[in-house]
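Below is one structure; the comments refer to it alone.
All chains are identified by letter, namely A, B and C, in their written order; residue positions are counted from 1 within each chain.
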């Protein structure tokens, strides 16, 4: 690699190499370091949402947050499969997949097998399942490009797609994650930051109800850090929900005209 | 809905909608006899077509093709490998998302059209070559899937930027990352000149539905489900026939109908070529 | 699946409200825990844990492997849980698969720490034999034998016990191999390294039923839960992982409260487990 020994570390890892790249910052020292995309530690990437991305679906949404690009379609409610027992509440079926070109190394997205169940858990509490008995709603998410914090983006986008499909919900679900790097907490980490993180925390919540629908934590956390991280995420979620809401309003006023 | 003054209009609208659902074939035939389609297109016209290049930053070449609301995302990733067939190797990979039939048709079309000169994918003769992985995802399906898939594939190949590589001391190929480009290089890149593929005779296609004596170009999903006989013609940019598919169907086509399909395709190829050229030149200005 | 009548449901919920559960326990009391180690002779370490009627086995197998190219100074650990239909007919087919994945992922999250390895219960760098070339791969398998609630805590405890029971053979690396060559190794039959398990966290699941939360819920109680938090906490009181189950949302202040309660309970659980584990080890030595 030509940058070997060079002073400026490259921020773009092109393809698998046998060398580990050191992080371009000093997690254990007090030296101020900058995030490679120039954001502040507590600053999210700009988020973009649009509903109605897929014509053939009952509802759909496209979300973009930095390099992370996600598309979600919602189909149904339609009759549950025969093998399913009668149920007086509706069923939710979620699936998250990655395109083969989503990650820098081809086909690495399949590592995230648990995302489908995580999406299901995050959304289930927000949906009024009683409003579509005996039937199933399918939520299919496709990560077009993975740029870090994929799951929170998928979850936010999916709740928007559900709203677009007219599924009754108590509230939108917004997701955010925080990485712990040394002493610092950084919100909305990109893939590179995620790969060096000491710990991570993801919250999805219903901002109007102020209720957490899903919470996962890994790594080592002290109480102070944990509380700060949770607060950061909750603030980010309520801001994100505003953007999502305005996206829905725009779509609604556009369809009126 | 439910405004008192609009209720008269609404009820007639509902009737049309109900008629469309209950008697789809008659609904369509009534339109066809007036030489128009329910979406206000003349029979031989394709839907609005747009192309966007470089939609996927993590791929080496990518394109998003939209024909009406049918949307296809194609992306190419390049990897270095030892060629398994003497000089060069290339494999096309199709995800399960696209129907296997379309995948087969596409790989046949692309390889038989001679669009890609496999020699250009060779790096060090007999030792290293590029493997191009092409993946196409259908984001929205509304008819004419093959046409959109082929268009996105062709556009992705025209957008493809082959990464620069160098040969290190051990005789292994190493990638040179973009940012070091222009900086002083320790080693001379192997393929400084060959960063774009020269695409010769690019194939384009048009799918037509045959119904009685009508020929409907570029059908929507609804049209495809009601009238089952489809004909797909693939021509290259110099109007030579690359492939022709008519997978059965209740309508047996006269040779004149086939000629009409080919004629429609010839027009369409010019349109598509223009769209591709404009998109490519738009990229260069940026 | 537990089918309960309305009366039974009220009985369970009412008992929890009054801090007297159906089996006579308080909200924060565990069922009796018993630990048995070395139950699988073929494995490098194993343990069986019983918490009330819940019974699980964990085994640790160590094999020599090659470290990941991206982390040449670390060994690899994989955790897999099998919920066999032997324990409950519901585990057959997809239901069991989903639960297995859920438990495996939760355990990985709780025991393996962040991407950089911080907060890991198992020190991955202690598994390295020759940097970039040879390392130990630990295969941790959990098996649910009988299920009566609180599976995750039981599996976490079983893995902790199995790890302290684990002996990894000492390996001599032949000097002289250079470059890309794989060095030759000599695996000792007699000398074993004991695993340092002081950092392995315990998992405490708090199940919320009505307005209160309980520890060590039985299947009957779990069927009445609105949500549950599984918190993994090490001896120093650090949170090493957390996952939430159940569809109902939780207020953030409730979450903080639950975490601090879990931390308090974890101290007692760690002490209890440690004494049980050392007693089990002593039993095994006598035999």
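Throughout what follows, a residue touches a chain if its C-beta (ideal position, glycine included) is under 8 Å from a C-beta of that chain, and two chains touch if they have at least 3 such contacts.
In UniProt terms the chains read A = EXOSOME COMPLEX COMPONENT; B = Ribosomal RNA-processing protein 43; C = Ribosomal RNA-processing protein 42.
Just so it is clear, the structure is predicted and the values come from calculations on it, not from any experiment.
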Counting C-beta pairs in contact, which chain pair has more, A-C or A-B? A-C
Label of the chain whose CA centroid is most distant from the centroid of chain C: B
Would you mind checking which chain's mean C-alpha position lies nearest the centre of all protein C-alpha atoms? A
Can you check how far apart chain B and chain C are, centre to centre, with Cα atoms defining each centre and the answer in Å? 51
Distance from the mean Cα position of chain C to that of chain A (EXOSOME COMPLEX COMPONENT), given in whole angstrom: 27
Mind checking the centre-to-centre distance between chain A (EXOSOME COMPLEX COMPONENT) and chain B? Centres are C-alpha means, answer in whole Å. 30
Among the residues of chain B, which are close enough to touch at least two other chains? none
Once bound in the complex, which stretches of chain C touch chain A (EXOSOME COMPLEX COMPONENT)? 69-72, 98, 101-102, 105, 109-110, 112-116, 118-119, 229, 234, 238-245, 247-252, 255-256, 259-260, 263
In the complex of these two chains, what residues of chain B are touching chain A (EXOSOME COMPLEX COMPONENT)? 55-59, 62, 69, 71, 73, 75, 77, 79, 93, 95, 133, 135, 137, 139-142, 163, 166, 174-180, 183, 185-187, 221
Contact set on chain A (EXOSOME COMPLEX COMPONENT) toward chain B in their complex: 1-3, 6, 10-15, 17, 53-57, 67, 69, 71, 99-104, 106, 142, 144-146
Note: in the complex, chain A (EXOSOME COMPLEX COMPONENT) contacts chain C through residues 16, 18, 20, 113-114, 117, 121, 124-126, 180, 194-200, 205-206, 209-223, 226-227, 230, 234
